[in-house]
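I have a structure I would like to understand better, so I am pasting it below and will then ask my questions one at a time.
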Amino acid sequence: MGNLEIELPSWAFGNSGTRFKVFGTPGTPRTVQEKIADAATVHQFTGLAPSVALHIPWDEVPDYRALRVYAEDLGVRVGTINSNTFQDDSYKFGSLTHLDKKVRRTAIDHHLACIEVMNATGSADLKIWLADGTNYPGQGDIRDRQERLAESLASIYEHIGDQQRMVLEYKFFEPATYMTDVPDWGTAYTHVAALGERAVVCLDTGHHAPGTNIEFIVAQLLRLQKLGSFDFNSRFYADDDLIVGAADPFQLFRIMVEVIRGGGLDDDSGVALMLDQCHNVEAKIPGQIRSVLNVQEMTARAALLDSEALAEAQRAGDVLGAHDVFMDAFYTDVRPRLAQWRAERGLPEDPMAAFARSGYQQRIEAERLEGTQSGWGA
Amino acid sequence: MGNLEIELPSWAFGNSGTRFKVFGTPGTPRTVQEKIADAATVHQFTGLAPSVALHIPWDEVPDYRALRVYAEDLGVRVGTINSNTFQDDSYKFGSLTHLDKKVRRTAIDHHLACIEVMNATGSADLKIWLADGTNYPGQGDIRDRQERLAESLASIYEHIGDQQRMVLEYKFFEPATYMTDVPDWGTAYTHVAALGERAVVCLDTGHHAPGTNIEFIVAQLLRLQKLGSFDFNSRFYADDDLIVGAADPFQLFRIMVEVIRGGGLDDDSGVALMLDQCHNVEAKIPGQIRSVLNVQEMTARAALLDSEALAEAQRAGDVLGAHDVFMDAFYTDVRPRLAQWRAERGLPEDPMAAFARSGYQQRIEAERLEGTQSGWGA
Amino acid sequence: MGNLEIELPSWAFGNSGTRFKVFGTPGTPRTVQEKIADAATVHQFTGLAPSVALHIPWDEVPDYRALRVYAEDLGVRVGTINSNTFQDDSYKFGSLTHLDKKVRRTAIDHHLACIEVMNATGSADLKIWLADGTNYPGQGDIRDRQERLAESLASIYEHIGDQQRMVLEYKFFEPATYMTDVPDWGTAYTHVAALGERAVVCLDTGHHAPGTNIEFIVAQLLRLQKLGSFDFNSRFYADDDLIVGAADPFQLFRIMVEVIRGGGLDDDSGVALMLDQCHNVEAKIPGQIRSVLNVQEMTARAALLDSEALAEAQRAGDVLGAHDVFMDAFYTDVRPRLAQWRAERGLPEDPMAAFARSGYQQRIEAERLEGTQSGWGA
Amino acid sequence: MGNLEIELPSWAFGNSGTRFKVFGTPGTPRTVQEKIADAATVHQFTGLAPSVALHIPWDEVPDYRALRVYAEDLGVRVGTINSNTFQDDSYKFGSLTHLDKKVRRTAIDHHLACIEVMNATGSADLKIWLADGTNYPGQGDIRDRQERLAESLASIYEHIGDQQRMVLEYKFFEPATYMTDVPDWGTAYTHVAALGERAVVCLDTGHHAPGTNIEFIVAQLLRLQKLGSFDFNSRFYADDDLIVGAADPFQLFRIMVEVIRGGGLDDDSGVALMLDQCHNVEAKIPGQIRSVLNVQEMTARAALLDSEALAEAQRAGDVLGAHDVFMDAFYTDVRPRLAQWRAERGLPEDPMAAFARSGYQQRIEAERLEGTQSGWGA
């Protein structure tokens, strides 16, 4: 538990919404610096979130070295660099998979530029999530698109530094409605396995078909040594991007059990935990605080699991006994001991209440009046 | 078949997209008049789409009587009026269900204004789709929201004229991620049943949980005499709003079989067929032409069903025989006879090709240069 | 909480399985009396399960009055009577919906016989779950089947006594693969609403499409005064019939919140809580003990919900605050106070451990050697 | 099209059902010889089904060489050998993944015995579908089970002959309700990739989560050269095992398009097409005839696809044009030309009608009176 770190996405502090409406809120950051300041605030109140993921071009700045210093001065560092190949008009029919070589080249070059950002900011991971896909049967050639994807990824991977990683994310559907080019962990896995050691998979907890056993995939990718990172969030229906743990805390617990079981929290594991959420109707900074606390709580419950008692019940074929050992860890209220953990570190025992009392929200609402609020999507 | 009419939604001609990106396209209408002109063009090439649904406030004009005349001059009429209570900032936490009486009043008044539009345009149906719902457990009181919904609907229903109908649409999820206030046909049905005869249900074919047998609901609502209208579209995953029949033509066939079976195409049925689609990556006018042709084709196949042979096989417990009779209708290629039907009426035999040849698209791309393209959502 | 009662299904003590295999276990009851003895044991260790549901013909006996006395002597009473119209060869194509009047008559008569069992045992509820449905499009006429269903139900309802209820269960799919005749709460509701006051709906928590918000249905049926009873179990994929609360304890919590919110635990509510589960690989009696404890635990957590604080946060539009109040109740470990509740009533503080120590299981394994183990299904 | 061959499963001719009920039917085979005779009849009427898959131990015989001769005398050959590790009491908690080495040994030995059957019958493929999995979180160690699975598979693979293949099937859920040990194509793929060239994946069209794009997996496995075979059937909800093409013929068409696109029907493709279905309520032999005809029809429609026109529309970014080319192939009625194809080969033009007229069904109903009807499952 001591080394639990959860990366925050810069875009969680900007406005977000659905295709129907994006609501604005007072105090929303207008610059990447303001997003980083908000993220640093989450870290200050929780002690759990020492890095911030950036999204290019949303977080483009002229001087990335200065941005790095800015972040470090606030006590956080720049984390994963996320590329974006879904908002240019040229990407209407794909990016790394596009039929037109020129569009693919543009998309590849964008990733090379992201690697430059990594070099300047000290970021170790390039995360690739593709909106590539098709809406109608017949619209694209599934097979050819895979070949072009493999080729494009290889072109990018060549430029990944020795201490850097390429992290490939998969997604079941959306924005494409018929086929996405990297729909499942199997596809992401076969691509990164073909590339090499520094290519790994990102598992976004909201990107699966209904009923998918996500902790199985966690266990499998850890077994195959290809689980690079998590994008945490939760969902009831589609890719809802709700606060992690909000929709099904028991699922988050099961996932953390497998992460621990597979060594994912060990010092050298290389598994990065990141949030990827939207705060469409709730407050953003407290939303992020709640999220990192949820991950911490479920990790703490998972850490309580009595592995020996569990193994013994499993060996005995005692289904109910094993299940009871499992549930006992989940049902134990860890909040008091986490409050103590925080107190010992000079952190507020109740980060949500402490933030509310801090006046930070009132201050940014007063200060951030002009300019355009950050956002994503359309 | 002779009286098949499919209403077009004005917004299908505007830009649409996902929360990630809305792509613009040359020739997109900038005014409601241009949308109506495009809709009239679809009717001109297909002979199937004599009415256009409007969406308020997207299609607001100072003079609705003039708009009615404009449409009629182009050979179409104004159809269903769709209200919108999801894009005002005041509706962030609901409209007709909102805790705050003032917000509910605003939402009710908006519907009364829509009824005024109906009175001016000759529209018979007020369609209510609500984005109301909650994203997190605990966010709202499910029960209280139902009571407020019932009260608000009653306030609107009072103003529905003798020759008008209130049509209540249900939706499984989106934009709300945890709970929608009218999630299923049962909820829509119990509300309209409580209101009276002129309140009916709208079935949007994309608004159901995975695996839902939609034709069963069609049959049930027809049996209960509460099927008011269809919002046609198709889906692979969520509410994809794809071209009707594109994702699962056999499902569309089964739906049309039940519509015919239940008298939904009879002269006095009161079942209105409407499209409700997005054309995110495909051309909009041909997208609408393709859609009405798809409905016509599957209706024609459904009309081929040999009901007597089917009933006889059913009586004999001959599962395969009955299924074969059913599939025979689906598998028969009706396109030649529909081409002939069109030729007999002076319509182009191949409406898609005829439109492509017509120069209409080129003309609107040349003419519609300035101003803001119509769109929806954000 | 004081009046929480959970009915046990007699068949949970018999063998069950999948279409692939039914595993037998030592000690499985061979008679209805042995099932009742096991159920009484669950009550003895938990104080929560004072009644046993029977399934006819699985639990047929020559003298039901004697069976009632037998149960009462063991400290339990006979609960719901469940009919069975899915195991006779005549029901291959339906029962209450069958095309053949003779088969319908047989099915109706079976229900009248069940009412006689109710009269003799003092049971108040007749529960009807139908396996009726079709496997292939075209196999049956959806609409006609509804009419025959309505007629058959009316024939049965006539015989329901003044102090008795007819409880109609719905199920999304299985065993029928294309269409079930009572697939959703809307269909069950419209049928019981047409019958009268003593006809109500049974909500089986495993009988919904993926993603369905079940607590919404609970709230809605309570609002409509038609929630008759629950069949509790849990599921990951289909109708898994797992131990209630095992797959998603948070969902069970949310359901119990709505039950309490809607008055479902009030003295006069008429909402009966029942288990309907399979114990395919786990021990049956402990499986039932665990199940009633799970319902008690989640009810206790739901009862902790601070409704005033919740309402205040809702009024303030404080999404995170409301959600936190909600989650605080869920996250609180109620096990110590439930142990105390049991101690105060002379019940074992840890019913699972106490049962394991009791020697009951060893005794029945030694005694129940000859004869045929009870089971269900094939 | 000329070389289309569809393997029939011997068990499709036996009784099958759900956990609720297995209905018997007159004429059901009592021996493997009678099943083969029925399968040969399907081939005789369709010319498409020259091989029969066997299931061990359901189809155990003392002399497999004699069985081979028996089959060949009837004009068919023995195809895939399917192992069974789900009906022995020892497999309650797994087979190849079982914690107990002795149980794993039993399961491995069963597969070696199946290889002996292959050697004797000339069968080339050993198909492994595992019911292994767990019903409750905590019941088993996901990771350890994977390692044991890998080890067990390796022990079997060693014995696979040079001209034989091991085909590993995956399944999303059932009979296990929480976790299956080979739930998805990614898991099956990583296991067979670790084994070697003669290990490949079996794709059962009914074994995926709701909404899964199956044709994508087809394309991907063909690309990775690991698509060994299909188990064809169709589904609305779970693993319904309905007649292939009955639930969603357009999906079957799309699958066949990808099979052809990826070379799966080429002479040397190694992709075996097999049915794996249940006929719970419909007649079995006609059910199989209908199934092979469905595969043939959708393959014929897929073969009509104008690849050049499609590629051109794709290159032009003409979404609707490409989709129209695609749908044109699907919508074309190929039944007349397939009737002609049959006539040219001396086959009945309408195999369903010819079988009904043939008297075969009446003969087996008269002859197969004593003995026990074949079945599967419980």
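Every chain is named by a letter (A, B, C and D) in the order it is written, and numbering of its residues begins at 1.
Operating definition for what follows: contacts are C-beta pairs under 8 Å (C-beta built on N, C-alpha and C of every residue); 3 or more make two chains touch, one makes a residue touch a chain.
Note that the structure is predicted; figures quoted are calculated from it, not measured.
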Of B-C and A-C, whichever chain pair has more C-beta contact pairs: B-C
Inter-centroid spacing, chain C versus chain A (mean Cα positions, whole Å): 40
Distance between chain centroids, defined by C-alpha means - chain A, chain B (Å): 37
Touching two or more other chains - residues of chain C: 92-93, 135-137, 139, 172-173, 178, 210-211, 213, 236-237, 243, 246, 250, 281-282, 319-320, 323-324, 327
Touch-based graph of the chains, sorted into line, ring, star, complete or other: complete
Chain D-facing residues of chain C, complex: 16-24, 86-87, 89, 92-93, 131, 135-137, 139, 172-175, 177-178, 210, 235-238, 240, 242-243, 246-247, 280-282, 377-378
For the chain D and chain A complex, residues of the former touching the latter: 92-93, 99, 135-143, 146-147, 172-173, 178-179, 183-187, 189-190, 208-213, 215-217, 219-220, 222-224, 250, 254, 258, 261-262, 310-311, 313-315, 317, 319-320, 322-327
In the complex, chain B residues that touch chain D: 210-211, 213, 236-237, 243, 246, 248-251, 281-283, 286-287, 290, 297, 319-320, 323-324, 327, 330-333, 335, 352
